[in-house]
Every structure is written in C-alpha cells, then in structure tokens.
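Look at the two complexes coming up: chain A is in both, with chain B in one and chain C in the other.
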Partner chain A sequence: MKLHANNETVRILKVVPALAVIVLFFGGGIVFAVVQSFGGFAVEGPSRWTWEAYEAVWETAWFLPSLAVSLRTSVLATLFSAFIAAGLALMTVRAGRFWRGMMAIPLGVPHLVAAVLIVLLWQQSGGLARLAYALGWIDAWQAFPIVTNESFGWGIILAYVWKEVPFLYLFLLPVLQRIRAEWYDVAQLCAATKWTYGRTVVLPLMMPSLAVGSFIVFAYTFGAFEVPYVLGVTYPASLAVVAYDLYTGDWSLRPQAMVVACIQATVPLLVGLLLIRLFRRSRQQGIGW
Partner chain B sequence: MKMYTKKSSWRTGIAILVLATLTTACATAPTPQEKFDPLRAPWTAIQQASSGKTVNLYMWGGSESINTYIDQWVAPRLKAQENITLRRVPVTDTVEIMNKLLAEKAENRTTGTVDIMWINGANFRTAKTKELLLGRFADQLPHVQQYVDTTAPDVAYDFGLATDGYEAPWGKAQFVFIYDSSKIAVPPKSIAELRAWAQQNPGKFAYPAPPDFNGSAFVRHVLYEVAGGHAPFLDETLTEAQWLEKAAPVWQWLNAFEPYLWREGKTYPENIAKLDQLFASGEVWMSMGYDPARAANLVKSNTFPATTRTFVLDNGTLANTHYLAIPFNSPQPAAAMATINFLLSPEAQIAKFDPQHWGEDMALDPLKLSEEQRKQLQKIDRGAATLPADVLATHRLPEMPAARVTVLEQRWQDEVARK
Partner chain C sequence: MVSVLVRIVLLCGVLVPLGLLVAVSGAGIWRWPQLLAPQWSWDAWTYVLFSPDTWQAVWTGGSIALVVTVLNLLVCWPAADALTRGKVGRDYPWMEALLYVPIVVTGFLPLMGLHRLFIRFDLADSYIAVVLVTWPVALPYMLRPLMAGFATFGVAWEEQGRMLGAKSWQSASYIVLPQLAPSIAMGCGLSMVVAWSQHIIPFLLGGGQVRTVSMVMMPFLVGGEWGIGASYAVLYTAGACVLFWVSGAWVRKGWK
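And then the complex of A and B:
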C-alpha cells in the first residue's frame, strides 16, 4: 500500500463521488435517450436500429418553427442578460452589499415561479395593465401590449432575463473586484482614457467569465421546459415543450421525443465546443487572467 | 479552463458506467422466496399484514382541496384506525406513473415504489393491457362488496374498457362549464348557443389546449354535438380511419370558432390552471372543468368571484368514474388494499362529498347506505356554484373509448393548433 499517494491521484479520487453521480444519472440518461432515439429500448414492439424517428421529426411541420422559437428566445435572453449583467456589475463593482442583496432575490426564485410572476404582472389583465389603467395611461386593459403568450417569445425572454441577470452579475462581480483601482491610475500615467482602459484591460479580464456564464445561461434556456410552457404559444411551441408533449403522448412517439431531446443536448454541446476553441485562441493572445 | 482533465474524466466515466451496468445486472438475479398473496388471503390476514406499514399513494397533485383531503382528513384517520402511514406523492400528469412502471417492468423490478395510483381512461388502458397491475383485488374489499354497485355501467367500464376488479372506483366526476353570473345573465344551453355567445362577446371564451384533460373534454362535447351525437363515437367496431372520417366536422367547426376565442385562437391556455387564472382576472368570462364542485371551492378560497356559477348543456355533459389501482410491483400490496378499502368507507366518501374537503360525487351507491348516512349526505351544502345532484345526474353523457380520446387529442394538434 502506498501511503503517500501523489497529489494528482488524491485530486482525482476527490471528484469520484460527484463524477459517479453525474455519469450514472446524467450520462446514463443521455445514453438511454440516444439509444431510444435510434429505435432501441422500444416501449412498444421490437427494438431495431433505425433513422426513422430522425426523418419523421425532420419532416414534421413543427420542427423548424419550434427550433426557431428555442434558438430565438435563448439567444436573445442570453445576450440581453449578458449586457445588462456586465453593465450593472461594472457600475456597482465598488457599491458592495446592497446590490448583491438585491440581486440575490430573483436568484432564489424557481424558474416556474418566475414564469408565473411574469404572467401575473404582464398579461393584459395583469398587475401592470391595471396600474396603467389606474394611472389613466390606457383606456382599457385590452390596450395593454400583449407580452405573454405571443409568438415572438418576449414573455419567455423577459422571464429569463429577470432570472439570469442576477446569476451573471454574481458570476462576474468577484472577477471585477480583483481588478485593483490602482491599475487605472497606472493606465492614466500611460495616457489611457477611461474608454481605452476599459477596452484593453477590463474587458479582456472579464471576457472569459462572461463567456462561460453566458454559455451556462444559453445551455439552460435552450433546454428548459417550464418558462416556455407557461409563457409560450400553443404553436409553434419551444422544443422542450414539444419533447414533453411527445413523451407524454402516444407510445409510438417515444423515439421522436428522444430525437428532440438529443437535438436539445447537441446544440449547446456544439456551441460549447466552439467556445472552447475560441478560448484556446484567445488565451494565446493573452486574454484572461 | 484545462481541457486535459475533461478527456481523462470522460474515460473514467466510461469505466464507471460499465462497472455500474455489470453490478446492477448481477443484483437483479431472482431470489426465490415464499410470498404472502394478498389477492387470496382472507381480509383479517390482510389487515394484520398491513398494520404498521407505509403506503405510497401516487396521484395528480394539482388540486389544493384534494391534497388537503388526503393529508388532513384521510391520513390521520387511516393511521388511527388501520395503523397505516399514508404518503401522498404528487405527479403533474398520471402518465408519468405509467412511464415509471413501464420502465420498472422492462427492468424486471419486482419491488417498486408505487403502492396505490389514482387512474382512469387511457392510463388504465395502458396499465391493464401492459400488465402493470397487481390483479383483481377490488372484489376482495369489504366496502366494495357492501356499498358499490359493481354492475353499474359507469363502474364496470372505464372509458369503454372492462375494469374486471383491477381497479376500485373512488369517485365520479362530471364536466361543467363555469361562468360569472354578473357578466352573463343566461348561460348557453348548447354548443351552438355557446358559439353564438362567443360571436357576440369575442375574446371572452377560451378552452385549454388538448392534451389538457379538460380542454380535450371540451373538444369531445363539440364533437358530440356537431358530428351527430355521441353514439357513433362509442362504436368500438369502427376502424380508426372510419372513426376519424365521422369526426371530421369537428375540425371545421373548431377552426371557424377560432376568431371569437381569447387571443383569436392564436394561442390557447396551456392547461386548466391558466384558464382559471384568466377567468379569475376577468380576461375571459367562462372556465370549465371535469369537477362539478371545483368552482364552489375556488369561490370559497376567494380565487373566483362570488357570482360564479356552473352550467351543463341540455344534451348533457361528459361524466366518468375515476379509480384507485395497485401496481404489479407494489411494495405493500396488503396495506394498499386496506387503504383503498378505508377510502371507500361511507365515512371517507361522505367527507369527500363535502365541499369543505373535496366536494365530488361518491363512488358508493347511495341506495346501499344506511338511513342515517343518507341524511348526512342531504345536509351537506355544496355551495351556490355547484349544481344540484339531480341536475347533474340527469345530464350525463358517456365517455368514448380511451384510445379514441388520444387520437382526437393528436389530431387537434394537426388540424387546429397548427392551422
């Protein structure tokens, strides 16, 4: 027995419990979904390997519109969240606890609750419409713009922005707090304006964290079910809602449900790989800490 | 980010997965043991075997009043009388239980986690045809023998499929429309009148998108009225194609109806909870539901206005019975039987009839109750929003076979939602 195991081994052993859970439950689920999407583990009838479910999904009227809904809402929600969170973090980096406290509130609210809150607040008979009516801004609640359950997906984006801005804010804050005030003084000695200082010092230091955080937001919002379920439209529904409908529908549709689930896993995977490539390149250019 | 750790963790992952598969494969080897068979045991033996046990009741958890009835009325009394601990496990859609049991069946898992499940219709069809059920237990229960009319068609057949004692009736539900009497003086009496009303009041009516249970039921009411009555749609000898051909007028009707709906039918409430919320906030003027007492309950909780009332159509509204069943791999089948028997006691059923607890119709035959129990029933005030029992009873329409309901829901997606 070797009493003094080297550091690397100890480190690997420490992650085994967490890794085991991820691999068994998460990895197992993914393997199951992939196999079932190709006709394995059939619920009804014999299992056989086939592309049929992929072809069937591709040929449906709903696939491309639903993909568009999922991509549109998740990309826009990610971009808006990233800009707002970065802006807020830059403005309040020295402001301290008050802002962190404010930001922690939405963070603790589950996504489903956030979605319902958006409905209650923003629907045509909701809180904001009543307020606008009471203030005499609109003649009737029907005059309030339709934000929830409309086909572009503004309600979905709104709910995600409300939830993810605090997440990204708290993700970025420690990074920005590591930037010391004296650095700006040094930069000024080199005749840098506030703008060039931000562009050449702050932004490159912030970028890796912002990119990772945004990727987490994108991967989550692209795949999540509850917000588009509550705030989306019947047709075209987001891929997550379609997958759920297929999964709870007829048994023969199970492979198609898994196809949709696999697509939902693949898109963030590809984006993630792309991000890793960009990272490597930017690291060589000296971006990051 | 260091990428090399990712690669090695991937390899470790595969190794762990392979190991795990091997160990679970060994663990499922059959272990021979003498088992007590609750389906053949005398009732006293079942009671003995169930004392001190814990029973998991898996059920749709979307109704506050139903959950409260189980947790606060049933559970303490069951503990006191039978010494059984009841654990309610909520699900959002009963089909989730079917998926779980199907997966367990495929894995040959003989001891699952579900002891009792609340089901009917398509889920019972799945459970019975895929052999996910324990067996014919219902006739063993003393309260079924004593108080249930097992030959009544609405008990013996669940959406056209013979129950054969694989499930025990728990209650009866009937579809009603909900409206606000301060906004609608005279509610419509037929689907045609409903349409005329919606045309005069555009945007004030909506139905939840099928496969929502209640939205799907609304579509069946339209089908019965605009496609020649209910009889042809109950005919099990028709092929699916023939059946769909007969049903075709419903799609034309529903599409022509769309412009008068909430949001002009560009989107539908995703479930009954959303429709209720739109009704409560006054955005629409009607709601609906497969529970005659729900409106009264929501009035009492101040969710709906006090002027809320319900109505049925002159031709009647859909009615069905819902049941309790025991899965094939229930860990405590004896305790499950004792629990279901308790839920079918006149005491538990009368409490369930009371809108204070739930307010839905009994599964028991009122004629088999004692004089005193019947008096108790008559004394219960079910609220102004609940129709009298005789009005409901004389306006009942039968449900169609469960498989047809599923087809209808799927077609709705293609014919209405995507057009």
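And then the complex of A and C:
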C-alpha cells in the first residue's frame, strides 16, 4: 500500500487505530457501565433489566444535596476561573515569557497536590491563619474562617481556580494575540471608546474560545474525584466521592455507583449540547473569527 | 502601577502555596502560631528518599506514563496527519470530535465499566489494565499538538521526498520528524504529565498491586503525617515537571 496524498481510504485507515483506542478502552467502558446501571452483568445473582438502581438513587436522602454540591462547586469554579483568566489575559496580551512561564507552573501540578496546597494554606491552623495571627487580625486559630472541608465547598472552588485559571489563560492568550493593535487605532478613528471597542470587537472574538475552555473546565471539575475527596465533607459529599464510596462499598451497591457515574457524565453532555446550539445562533450573528 | 500589583499578586498566588508545601516537607514539628518553621529537618525527606516503596512507585508511575506516551504517539501520528491534510477531517468531523471525548467525559463512568470487563477477562488489578485505561485519557493531549503541527506543515516537502525516491519510513524520520519536533515534544510532554498525574485510575484498576507515587502519598496525608505527605507531594509534582521537560528536550535534541 503506497502513501498517496489523495487516497481517501488510506487516510481513513490512518485514523482507525486512534479511534479504536477511544471506542474500545473508553467508549466500551461507558457502554458497560450504562448496562450495569440497568442491572446487567450483575456481580451476584442473575442479570435482568431494571430501573431499580435509578429509583434507589433518586429516593436516597443524599442524591439532591450531592448533586447540588457538585453543580455549585463546578459552576462557581468555572465562572471565577473564566473571569480571572480573561481579565489577566486582556491585561497581559503584550506581555511575554514571564507570564506564560509563571502561568504554566500550576498546570504541571497534579490536582491531588493542588488540593493539598489549599489545605495547607487555608485550613484553620494553615499558612494564612498564621499570617493573620502574626498581623494581629485574629487572636486564635478558631477565629479564622472555615474554608476547607465545609459544606458549601469553598476549598474545592479555590483548588480548582488555582488549577484552571492558568489553563484558561494559556487557552485564551493565543486568540487575544491575534487581535492586532492597529484595530484599536481604526476603532478610534470610528470614534470608539476603549469600552465600546472591547465590547464590540475583543469580546466577540474572545467569546468562542472562552466558552470552549470554560466548558472543558466545567466538565472536568464536575466529574473529578481528587479535589472534593481531599477538600469536601462527608455529607453532602460531591457526586464523584459518592460514586467512589458506593463502588468501593458493598457489592450490591455497584449498580447505584454506575447510576451516579452516568449522571455525572450526562450533565456535561447536556450542557455541551446547549452550548453547541447557542454557538450556532451566535455564529449566524457573526460572533467569532 | 496596576500591572506591577497584578504581577506581585500573581507571583504570590502561584509560588506561595508551592513554597509552603516545600516548607512543610522539611519543617518537622511546626506548632501554631509559628509563622516560620523553627528549623529545617531532613527527617521526612530521608524517610521518603530511602524508602524502597518510593522508587518502586516512581518506576511504576513513570513507566506507565512512558508506555502510554509511546502508544499514543504511534496512534496519533497517522491520525493527526490524516485529519488535518486532505478531506477526511472535513468530511467526517465526528472522527475528530470522538477523539476528544475523554477531555469532556471525566469521572468514573468508563473506569467502572471497564473494571467489570477486566475482572471477567482476568486483567483486573494488573499493570496492563492501568495502561489500557490511561491510554485514551491521555490521547487527546497528544493529538492536539500533533494536529496543530501537521495543519501548518503542508504536503509539499513529503512529495518532494517521494519524488527523490524516499520510502515512507524515510520520509517520516527525515522529513516529518525534524519539522514537527516541537509539536511532537509538546504532545509527548503533555501525554506524560497527564498519564503520570492520574490517581484514581491506578487506584481503582490497580487494586493495590499497581502502586504509583500518589497512592504511596495518600495514607500519610490522611493519617496526618504532613512532613512525609508533603515530601511525596513535592516528589509527585517534580516528577510531572521532569517528565514534561525531559521528554520535550529529548525529542527536540534527538532530531536536531
């Protein structure tokens, strides 16, 4: 078989190995998990199709509170990260290696370690509490606000912001660097203020990338386990921690673990479909490059 | 003025937490409300660096990352080539979309499903199981830089080579590799970091048999042994940075 640039069959065959990896070792896992959530491949007893696990999860006391924790922490972490990253990127478009190097550091830090960093810094006897005490702002460690392992999830949000702001920043920077300085001069000729220029030129150009990046952040933070495991509370725990507890607990609870995992994967999917719809509409309005 | 302030805030935001981690790893006993640790102690580091568990875990995690990265390079190279040059990428956009699914679907779903399958085929709790599940998770991070590289590369160089009688492997190693070295270096680096940083995959699928650095670290953090836990955390983070840097440098140097 010769490598001819125009041979379409050969070109499709070249994609097949990569597709096979995703379909077999990722998609296959998803399918098997969904089947198990409906009662297939039972660990003990006969397999049969049933909604039982879904009903059981829905009727538990923890389901809605856990869903709320997961949604709250991931939505807030995404919004904070997006705003901070966009602001920083806009401020430092012309800045060079210093910013990029600086922002690349947290990218290399595993999420588990990021969670540990937040604990060390923010717990009631942590680094910031000691600083506050040294400065005379608090007179005992009990006076420092509880940020880690509390039920709202501020610690989780902080850890995600620390990790995802650099990601979004480095995601946005190349897009913003394509906006040429001369465009602002042209806009000024048309009597645009800095504000109208930003709103009508920069923002629409930045928006598609920011939306895609934010969506990736949302999907990741909604599903991830490490950070809520370290920084969350036992009740209400985030969905990932619940799924883990169910999975490593009694065997009869495994279908329920699969149900929680299915819900975890479905929410970002729905958000993604919604975003694609919005995208189509804004494309028609001429937003984007 | 504002810019200087932002710079300082950011510098502190990034470096202070990491500095604190290093400080805790060497602090020994560090009582409230001491702002600075009373003395530097090598106790935790001595334990970590001389524990055979540590190096076993570094080897396990590092070799998983290496195997996953090599596998990903093998499948992503032709895929990135085909998807960016020619009509395949345009005619079948779902192919590219499918390859990026692991970025969006995180969490336990694929993991738990495969675990059951591996148990049936007697693969559970094995090194191979961990590699197979980590493989697709790291794949998009290899694919993205390679596609960016191929997209700006064009086919003229390879056509020229073919006209001069180059075989396909010659064209790959003498034309594509040197030209795309930066993209390949980036892809290998990212794939290494992503594979190395996984915690829950080796934890669930390795069943305690496949122990990586994060798994050795966790009991100390949970048990309140902050010195040793922090030392492992530094090692875990440094490992990610070293793998990124080494694989990048190696790829770039190899084909200069």
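Going forward, the second predicted complex is superposed on the first by the 275 of 289 C-alpha atoms of A that agree within 3 Å, B and C clash if a C-alpha of one lies under 4 Å from a C-alpha of the other, contacts with A are read in each partner's own complex, and residues count from 1 in each chain.
Everything below uses one rule, namely that contacts are C-beta pairs under 8 Å (C-beta built on N, C-alpha and C of every residue); 3 or more make two chains touch, one makes a residue touch a chain.
Note that the structure is a prediction, hence the values are computed from the model and not measured.
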item: Joint occupancy of chain A by chain B and chain C, clash or fit; value: clash
item: Which of chain B and chain C A:S125 touches, first, second, both or neither; value: both
item: Chain B versus chain C as contact partner of A:G28, first or second or both or neither; value: both
item: Partner chain in contact with A:F279 - chain B first, chain C second, else both or neither; value: first
item: Partner chain in contact with A:M102 - chain B first, chain C second, else both or neither; value: second
item: Which of chain B and chain C A:M207 touches, first, second, both or neither; value: neither
item: Touching partner for A:L19 - first (chain B), second (chain C), both, neither; value: both
item: More chain A residues in contact [chain B versus chain C]; value: C
item: First, second, both or neither for A:A192, with chain B first and chain C second; value: neither
item: Contacts of A:E226 with chain B and chain C, given as first, second, both or neither; value: second
item: Contacts of A:E150 with chain B and chain C, given as first, second, both or neither; value: first
item: Shared chain A contacts, counted only where both chain B and chain C touch the same residue; value: 12, 15, 19-20, 22-23, 27-28, 31, 41, 43, 120, 125, 141, 230, 247
item: In the complex with chain A, residue positions of chain C that touch it; value: 2-3, 6-7, 10-11, 13-18, 20-21, 24, 32-35, 71, 74-76, 78-79, 81-83, 85-88, 92, 95, 98-99, 101-114, 116-117, 132-133, 135-137, 139, 143, 155, 158-159, 162, 168, 171, 193, 196-197, 199-200, 204, 214, 217-218, 221, 226, 229-230, 233, 236-237, 240-241, 244
item: Touching residues (chain side chain A, partner chain C) in the complex; value: 2-3, 5-6, 8, 11-12, 14-15, 17-23, 25-36, 41, 43, 88, 91-92, 98, 102-103, 105-106, 108-113, 116-118, 120-121, 125, 127, 129-131, 133-134, 141, 162, 166, 215-216, 219-220, 222-226, 230, 240, 243-244, 247, 254, 257-258, 260-262, 264-265, 268-269, 272
item: Touching residues on chain B, where the partner in the complex is chain A; value: 1, 3, 8-9, 12-13, 16-17, 20, 93, 95-96, 99, 102, 106, 203, 209, 211, 263, 266-268, 270, 274, 277-278, 281-283, 406, 409-410, 413, 417-418
item: Interface residues, chain A side, partner chain B - complex; value: 12, 15-16, 19-20, 22-24, 27-28, 31, 41, 43, 61-62, 119-120, 123-126, 141-142, 146, 149-151, 212, 229-230, 232-235, 245, 247-250, 276, 279-280
